[in-house]
Amino acid sequence: MAKLTEYKDMTPRAKAVVEGIAKGRNVDPARINNVWKALARHPAVMERFAEQMSVVMAPGKLDALTKELIYLAVSVTNQCDYCIASHGAMAARKGMTPEMHEEFMAVVLAAQQGNKIAGAYRVPVDAAFEEE
Amino acid sequence: MAKLTEYKDMTPRAKAVVEGIAKGRNVDPARINNVWKALARHPAVMERFAEQMSVVMAPGKLDALTKELIYLAVSVTNQCDYCIASHGAMAARKGMTPEMHEEFMAVVLAAQQGNKIAGAYRVPVDAAFEEE
Amino acid sequence: MAKLTEYKDMTPRAKAVVEGIAKGRNVDPARINNVWKALARHPAVMERFAEQMSVVMAPGKLDALTKELIYLAVSVTNQCDYCIASHGAMAARKGMTPEMHEEFMAVVLAAQQGNKIAGAYRVPVDAAFEEE
Amino acid sequence: MAKLTEYKDMTPRAKAVVEGIAKGRNVDPARINNVWKALARHPAVMERFAEQMSVVMAPGKLDALTKELIYLAVSVTNQCDYCIASHGAMAARKGMTPEMHEEFMAVVLAAQQGNKIAGAYRVPVDAAFEEE
Amino acid sequence: MAKLTEYKDMTPRAKAVVEGIAKGRNVDPARINNVWKALARHPAVMERFAEQMSVVMAPGKLDALTKELIYLAVSVTNQCDYCIASHGAMAARKGMTPEMHEEFMAVVLAAQQGNKIAGAYRVPVDAAFEEE
Amino acid sequence: MAKLTEYKDMTPRAKAVVEGIAKGRNVDPARINNVWKALARHPAVMERFAEQMSVVMAPGKLDALTKELIYLAVSVTNQCDYCIASHGAMAARKGMTPEMHEEFMAVVLAAQQGNKIAGAYRVPVDAAFEEE
């Protein structure tokens, strides 16, 4: 298990990261997710990851839900239990219905097969795709 | 390299699969993608994968582009070169702009890190996520 | 690309490994597979892997073809192109027919999905399986 | 943890899938494995996976035990704990002895190394394998 | 969960392996790590892995801590919880400070991204690297 | 293949990144590695990755060679051909001798096996490791 550091016991540097996240989500810093309690002892890694997440997950040309689905697709492929639990919950909060979740899973499972088919049959890339 | 079977040399069973795909995409069966030319010698696998792809990639609660992005996220995570080339091209045809592609990549890269952080720090799932 | 060392240019230590493999397969040492030409500059790794392969791939409680199919299943899952090409060829030489190959692929593809389903739905292990 | 739906609480569509599986295995539908209880809320994914498993795992040109070993090799490579527990148990029921299990593990471990060796040394595929 | 065999209940062959490891680490064989209790029922796999670990992890041209960091980098990439816990502890015993651990994690996370970037953008190897 | 943008054709934003890297390595910006030519069309991803690499790969509590070995261990595990070629060359430039490379490979291969053993035998983490 991770060595979790509660907010009240964090260094000022780690506290600042947690406060930024908590403010953005409008929650109590003391109730921050475990991943940040685990990262608190490595402030440089924590700061970099927090900054990156806040920038890349914000809505842009892709909306917030689409970004969560992309994040979740990576997490299911990598079989990351924590990420599946946390980003699955976040996707639901951002509008993923059970029906959308089912379609998401159907695509992820088809892709797993497509990936292994391409490798197993040693399929060369079509010239048409090389040009695009 | 794959043993590719051209459309004209396929069995009737494989031809039928190719014709169904070609019709759905309004293209010449002779110009079908290499993955189907590689699968032609394994008709049961070919039929199952073609049927699955046609059902799950069709627009539903998630639109066609979102589904392509999910497929592409899996393919980048699995480092499948053929799938990155083919589904990257398909995503572009379905509306993925270079700006969307860049945001897609930014999310995929953040997720790779989030997945490894969760594992490396052995982060337990928050009780709040367990309940959802 | 690998730095390949031809048999005639190998050190005596690497030559000895190649000769052992070539003798077991009844082939000319000069025609050894590329993996051994690549490993020749790292003799300790080469010796260990050659010894391990010769022991574990020999028929025992599992026959030689079943062992090749297990090796190939790992290689498809890891998407190792060299291993798919080489062990696919070896499986064919040991009796894998095209029909068996197709059934093999069907099982591998089902397993990829089963693995991702178990992770994505966070399925707990049944008590019955824990006891076995 | 998964949201598990017990058989008695499933929709008619999910119940039908469970009944088909239970009948094929001659067991009580109420004692179905957890993976099906987890999939019950996504009936289209559940139906597709159940159909695929029933077809591809049935004995054909490859016997039932060989198929379980292939499935297990994929699961160990992907490090899927649920699948290792469940298909390990199923392999044992289908005849895998402890001695066969040990040989299976020895091959899987050799293959993991062979896969990484081929990648790390960037070994090109032998011309002889390209032709086969 | 693994079927763990306590030292006192092991076969003479498994006991011999455990005694060799315990002697090398100057600990009581009864307090050997769980991985060896799990491997005890497969003595050939156990012997091979124990021999390999004792040879390759010993200081040589690379010192013992560098070797632990390499082992840990593989384990984080493969998301092996047991290995992260055990080799993280061993790295700490061999001199990995919290500051070194943080730098280690920063490199591992950068590498995960570099790997996915190279695949996603389909980057060809530079001619300069091919020559080296 | 990647769409590579030569330095002279890059946007000012991408040129600035390349110039920073080239200056740090004391090379001609026109001879920058392909990964940067591929990233040039996605400047935000390019800037973030360049900044991250320059910070985390610099010598600190871990020296430059140790960091390259960690990066290479991740790359071999993920089977990233570009990364193995490029960071293998960089490790050599930073002092990795052929003997060190061989020891590196021996550890990586042992770790691959240790990771799969822990998963396949479902080994629980020792209490002693949980406390550390």
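Labels A, B, C, D, E and F are assigned to the chains in the order they are written; within every chain, residues are numbered from 1.
Going forward, contacts are C-beta pairs under 8 Å (C-beta built on N, C-alpha and C of every residue); 3 or more make two chains touch, one makes a residue touch a chain.
Not measured: the values here are computed from a predicted model.
Chain centres here are C-alpha means, and the one lying farthest from chain E is B.
Put simply, the chain farthest from chain A by mean CA position is C.
Look at the contact of chain A with chain E and you find different residues on each copy: under half of the numbers used there are shared. Once the centre of each chain is set as its mean CA position, chain C and chain F turn out to be 27 Å apart. Inter-chain spacing, taken between the CA centroids of chain B and chain E, is 34 Å.
Chain geometry summary: the mean Cα position of chain A and that of chain B are 20 Å apart. Contact of a single residue of chain C with at least two other chains is seen at positions 1, 45, 48-49, 52, 76-81, 85, 105-106, 108-109, 112-113, 115, 117, 119, 122, 130. Contacts from chain C toward chain D in the complex involve residues 1-2, 4, 33-35, 38-39, 45, 49, 52-53, 55-57, 60-62, 66-67, 69-71, 73-78, 80-83, 85-86, 88-89, 92, 97, 99-100, 103-104, 106-115, 117-119, 121-126, 128-130, 132.
Looking at the complex, you find that chain F touches chain B at residues 41-42, 44-45, 48-49, 78-80. Residues 79, 98, 101-102, 105-106, 109 of chain F are the ones that touch chain C when the two sit in their complex.
For chain F in complex with chain D, the residues that touch the partner chain are 76-77, 79, 81, 84-85, 105, 108-109, 112-113, 115-117, 119-120, 122.
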